[in-house]
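Each of the next two complexes has chain A plus one other chain: chain B in the first, chain C in the second.
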Partner chain A sequence: MEVRRWISSTTSLAAAALLLTAVPVVAHHSSAAAYDNTKKVEHQGTVTKVLLKNPHGFVYLDSTDEKGQKIEVVIEMGGATGMVRQGWTKDTLPIGSVVKVSGIPSRAPGSHGITEAKFTAPDGTPIAPTPRPEYTDR
Partner chain B sequence: MRGTVGHVSLRRCFSACAVLLAVMIRPAPQELNAQVNPVATPIPDLAGIWDGGGRVRPTNSVSVPWAKTVPEGRALPDGTKADRNYVSNFPELNERALAYMKVFDEAISPKYDCQPSTPPALPYDPFHTEIVQWPDRVLFRYEKDDQLRTVWLDGRKPTAHDYGVQGFSVGRYEGNALLVETTNYVFDITGFDDYNGIPSSSLKRIRERYWREGNELKGTVTVEDPLFLRKPASYTARWLPAPRGYKLQPFDCDPELARISVQYIPPRYK
Partner chain C sequence: MSFTVWLEGSALAVWTRESGSIWAYPTILTLHTVGLGIVVGANAVVDFRLLGFVPRLPVPSLTPLFGFMWFGLVVNVVTGVVLFIAEATTRATQPVFYIKLTLIGLALVNTKLIQTAMFRDPALFESSIIPQRDKRLAAMSLLLWIGAITAGRLMAYV
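Presenting the complex of A and B:
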């Protein structure tokens, strides 16, 4: 079946998008210098901006830190070209919507960056676009 | 009358003959064919838009396409699976390269200012590539970084004015494949790839071989750089045809967004 062959041939991140409903970030270059992949962080906040651009897209959330201070969380996504293939549009995360995000935190002290993000609605419902069908065919 | 042939002087006769001979034996006009070759060389059909994304091969990383070890059964860049006899293709670095890597500061990587990727990394970046075949050149249009490489088939050679980020490429068809050789690269602190922090020098030489296997495009990319590598290193990758109707998308690297993650890198030097 075509779907089985597609699952076996895609990257692990893309496979996670289907099986775990994580939002894949096709990081075609290293992010280890900026983000600490030994840690995980979670935030809940309001989407204020979605930028589908190259080399990376970004999603901005207004959130609060553990002390209740307002912070802006900046979520680094994949490049626009790859994200569109994965089904992302500007409406996948509507401006003003409240979402939860988990991922790998940025290294610099006091910063609130995230990469390899997984988005869910506040009730835990996964938010993940469906890859465009023309990219599921080998 | 002395010195005449009929009513025409010998001098005029000789002059006319000389002009006639000069016209008859002038050099033939230079042929404008690419790759002037007495033996017809088959030209493989490489034209089209090719997908090098995640559905086609493993996405590049610190161990793709350059891997020291690959677990048996793991997909390789060329679409095959690694067997137990996998041989490392990771480049052998000399002391100079290792010294550069040791002091390298990620924050100054040119990619954060939208400086484009180059081979050996560029052909493997997970984007589409369009190949256009003209008689005297082959064009490689890369979605990644909106790059265009021109491979000249007419025998021209680079000059000292032809140094650039993508170097100068010449090529020929041979044995159902396109062979490409690129030199004249400028020095690039991350000229090998985005992951391993390996630089490339102005002596970097890229050799590529592209051919068709059924509906797949295959390519072997070999990098030589005697200032940093002890010997050439190669990988072989595959591409699949892009979905019907697909057109290359503009990359339009945003310089402001490209630098955002630099703020998250703890400073290495003060």
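Presenting the complex of A and C:
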């Protein structure tokens, strides 16, 4: 009797755990340690490098800050596994193309890192796959 | 071309790092965590028993757990090597990675000392009084494994 109850509760726990794995790779750990999710920033710049890799991909932009100084914007993405499954390829953001990106800023002073990024063309047209909406506003 | 650059360019490294397959990075990383659970879990059972917990459990009955530890270690060496080569150039420059390896090395020596003591003189452990030396080893084992896990986890953040 006890054993049967234990087995049924364990099975439901395991099922719940499996359901949780349906949460995509972008959510595998909180970004709040390194990024300030109470703020939002936007940059426009030229794509210089796209790294489609695990455990995290990165996109690099050459941009300018509000004083006109040249800056490098480093955008931390999810892992390659999730990016590829969302439809990212090496050609999604061609090197040299001009894009707009919005996301939450890095807490590191002096850096221009952002994450949970959305990419658009300078006119606002979406140009890159984004995580499904239900997972983006965390 | 440096060795780590060459490693990172190997087919296995590229597949692990860049493929969209769940059998690549996600599976290898999951197995690495399962192996960790087996190694440190089995170690923790022995350590807590030697420290005096669960006194009803005869210490000599725990010796098969060392087989589980070495099995888990093999899983983690294999998956760990693959995870390392996938990002060899960055991992090789992370001080916390070398701290992790050092702690694992010390923990393994410590585990081996406990194993040797338990096999050499099982009669010593039949009594409920655990020798002070082995209690110290057990406490050290817990600290070293916790340290190794912490250093490993920090590799994602520092």
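Rule of thumb we're sticking to: the second predicted complex is superposed on the first by the 103 of 138 C-alpha atoms of A that agree within 3 Å, B and C clash if a C-alpha of one lies under 4 Å from a C-alpha of the other, contacts with A are read in each partner's own complex, and residues count from 1 in each chain.
The definition used in the following text is that a residue touches a chain if its C-beta (ideal position, glycine included) is under 8 Å from a C-beta of that chain, and two chains touch if they have at least 3 such contacts.
Nothing here was measured: the structure is a model prediction, and the numbers come from that model.
Applying the stated contact rule after C-alpha superposition, one finds that A:A33 touches each of chain B and chain C. Touch criterion met: A:L52 reaches chain C, while chain B stays clear of it.
Looking at the shared chain after the overlay, A:E76 reaches chain B, while chain C stays out of its contact range. Once chain A of one complex is fitted onto chain A of the other, the partner contacts of A:S106 are limited to chain B, with no touch recorded for chain C. In the superposition on chain A, A:T125 makes contact with neither chain B nor chain C. Once the two complexes are overlaid on the shared chain, A:T64 sits clear of chain B and of chain C alike. Touching of chain A by both chain B and chain C, each in its own complex, is seen for residues 29, 33-34, 53-55, 79-81, 84-85. Contact residues of chain B toward chain A in the complex are 51, 53-56, 58-62, 75, 106-107, 111, 114, 125-127, 143, 193-195, 240, 243-244, 246, 249, 251-254, 257-258, 260-266.
On chain C, the positions that touch chain A within their shared complex are 16-22, 24-26, 29, 86-87, 156-157.
Chain contact summary for the complex, chain A toward chain B: residues 6, 9-11, 13-14, 26-31, 33-35, 51, 53-58, 74, 76, 79-82, 84-85, 106-109, 111, 113, 115, 134-138. On the side of chain A, the complex with chain C involves touching residues 25, 29, 33-34, 52-55, 79-81, 83-85.
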